[in-house]
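Look at the two complexes coming up: chain A is in both, with chain B in one and chain C in the other.
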Partner chain A sequence: MFIKLIGGMIIILSSSLIGILLANKYIIRIKILKTFRFSIQLLETEIVFTSTPLPYAFNHISSKIDKPWNAFFHEVSENLLKRNFFTMEEAWNSAMNNHLDLPFFKKSDIELIKNFGKVLGKSDTEDQKKHFLLVYAQLDRHEEEAEIEKKKNVKMYKSLGLLLGIAIYIILI
Partner chain B sequence: MDVNIIFKIAAVGIVIAVLNNVLIRSGRDEMAMMTTLTGLVVVLMMVIGLISRLFDTVRTMFQL
Partner chain C sequence: MKNIKAIEEITNFMPPNISFIINRITKDIIYKTEEIRLRLGRPLMICGDGWDYFINKYGQPVTDIDYSYFITKNDISSASEIIQSFSAYSFNEELRNGYITIPGGHRIGITGKTVLENENIKTIKDISFINYRIARSILGVADKVIKYIIDEDLNIFNTIIISPPQCGKTTLIRDMVRQLSNGIQGLRFKGKKIGLIDERSEIAACFMGKPRNDVGYRTDVLDACPKAKGIIIMIRSMSPEIIATDEIGKVEDADALLEAVNAGVKVISTIHGKDIDDLYKKAELKKVHNNIFERIIVLDRSQGVGTIKGVYDNDKNVLFKNNYEVKEKCL
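And now, the complex of A and B:
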């Protein structure tokens, strides 16, 4: 009798934890996108106002923001300083493969970041400014979409996990 | 004859009803339909033994 109760508790607890885990995916995606926006705002300031060379600018940024972008920008900076690659784009993509292979990202997010790496450091300040504006607009759209998905899915996954756990327990009794 | 199965079926019904509501509210109507059907099947599985026993009893009572 007592063992049955404990087993049921474990079933309900684990299934509601699975629900929370699935719901967290949507919360974390929007958080990461917001951090990315913050970090490229910092980058824009570095480029427009102080004209810092990219490797040092990346290094400055990586000390100011949190996971997972700090490791990413640090590696881009290292790649550039140690001259591991021929172009900025290759350094950017290699760091992306190492640090941004996260389950929270959608393909479109990855594509956006990749495209941003292509144009970075290729032209003068004025032109770079335009590219930054473009990326902000695209990020806006992605964040909006992530917000809608979050609203739709988070509550559902949480209650779904709990309720399915209870259903399994009742059927097994 | 135990009364427990009645409570069990009632509990399944309540849980399925809440699940249905949650799914419909988040715009997944066809999934809500599927859960309802699954609940129905599960409850049918529970009572199918009892139903067959009832038929057997009826048959033996009237010697058919």
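And now, the complex of A and C:
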């Protein structure tokens, strides 16, 4: 009897943990998008006010921001400075493959970041400002969308996990 | 050793194909090279003092154009991206001037199609001609002239260097600054505080704030600042004993120099010209004609880059004259 109870509890616990884990995906996506916004705001300051060349600007900001962006920007900077790649786009994409291959991202997020890498540093300050504004607008949309999905799914996955656990327990009894 | 470093520094700013080829050129040729030229759709070329070669894809000098390596569109666009550190916004000012200085003090000349805005050059697009100019800063070129600009009481004279382009005036002023700033043992000259206004980032070749060329221990550098403004800033903020600046030519420059001299600061400068009379012909510099410069050094390249043709004082008395003319007649 006692063993049955413990077994049941383990089933319910693990099932609801799986629920929480699945729900977390939506929470983390928002967090990562927000840190991305923060890091490119820093980058914009480097470009607009001090017009630091990109490899050095990436290096500066990489020490001020959180995972996974710190490693990402650091690698782009290294790629360019050590001449592992000879164009900005290649350096950016290679670092993306190494650091941003995360399950939290949607395809559209990846596309957004990739396109941003294509225009960075290609034009004068005024034009760069416009590109930044565009990315902020796009990020707004992505964050909004992520927020809606979070609201919808987080609660669902959490309760689904719990309920599934209880259901399995009842069936096994 | 120095040569290897210079070549490394410069190939670091070349596209992969070109740097591969340049690295395969034999040492005796590459060490004499002064320029490496990339022209869209034309052969890769290297030039030295009075010679040039086409280069084939194995890095060998060839005389037949058909065997040489032709520069592709890819090479040029990749090169221009690397030269600008992948950041066009950061090098607008430099592009407008047509050259970019890279670590090591090397200069990369760029031409293409200029974009005009209100009759001023806005930027250069369609970059298709690139010239890598290898800088070899030579320590000790000022040894010959330094004794003429220091008097018995170990004060220095206001000095101007007159020289046509490509004759080593920047190299000379750099070495003078270095020696005056460090002090000269042989003359028992103690170093002086020097304010260096480096409008074109040529003398000190600052990169991210740090001078890449040795300009001495007691030198403060104001990088990329217009000379006229820079001289005033230097006097106010850094209390220099000597102010050094490159290529004066505008009315404001002359005003600022005058102000420096009146403030009791000594000045060292350069202008473009062929002979001592060229200094007095320039209308913009009328204000400094009246005996501001107590020493005038004239350069040419009759015996190689940086030949000192003569040193004069403010009454045009000859203090030193190179008697190469006699030699030329003998030949």
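Just so we're on the same page, the second predicted complex is superposed on the first by the 173 of 173 C-alpha atoms of A that agree within 3 Å, B and C clash if a C-alpha of one lies under 4 Å from a C-alpha of the other, contacts with A are read in each partner's own complex, and residues count from 1 in each chain.
The rule we apply is simple: a contact is a pair of C-beta atoms (placed from the backbone, for glycine too) under 8 Å apart; a residue touches a chain by one contact, two chains touch by 3 or more.
Owing to the predicted nature of the structure, the values given are computational and were not obtained by experimental measurement.
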| item | value |
| --- | --- |
| Contacts of A:167 with chain B and chain C, given as first, second, both or neither | first |
| Partner chain(s) touched by A:23 [first = chain B, second = chain C, both, neither] | neither |
| Which superposed partner A:12 touches (first chain B, second chain C, both, neither) | neither |
| Chain A: partner with more touched residues, chain B or chain C | C |
| First, second, both or neither for A:55, with chain B first and chain C second | second |
| First (chain B), second (chain C), both or neither touched by A:153 | first |
| First (chain B), second (chain C), both or neither touched by A:95 | neither |
| Partner chain(s) touched by A:47 [first = chain B, second = chain C, both, neither] | second |
| Of all residues in chain A, those that touch chain C in their complex | 47, 51-57, 80, 83, 86-88, 91, 121-125, 127-128 |
| Chain B contact footprint on chain A (complex, rising order) | 152-153, 155-156, 159-160, 163-164, 166-167, 170-171, 173 |
| Chain B residues touching chain A - in the complex, by the definition given at the top | 8, 11-12, 15-16, 18-19, 22-23, 25-28, 39, 42 |
| Residue ranges of chain C in contact with chain A within the complex | 12, 15-16, 78, 81-82, 84-92, 123, 208 |
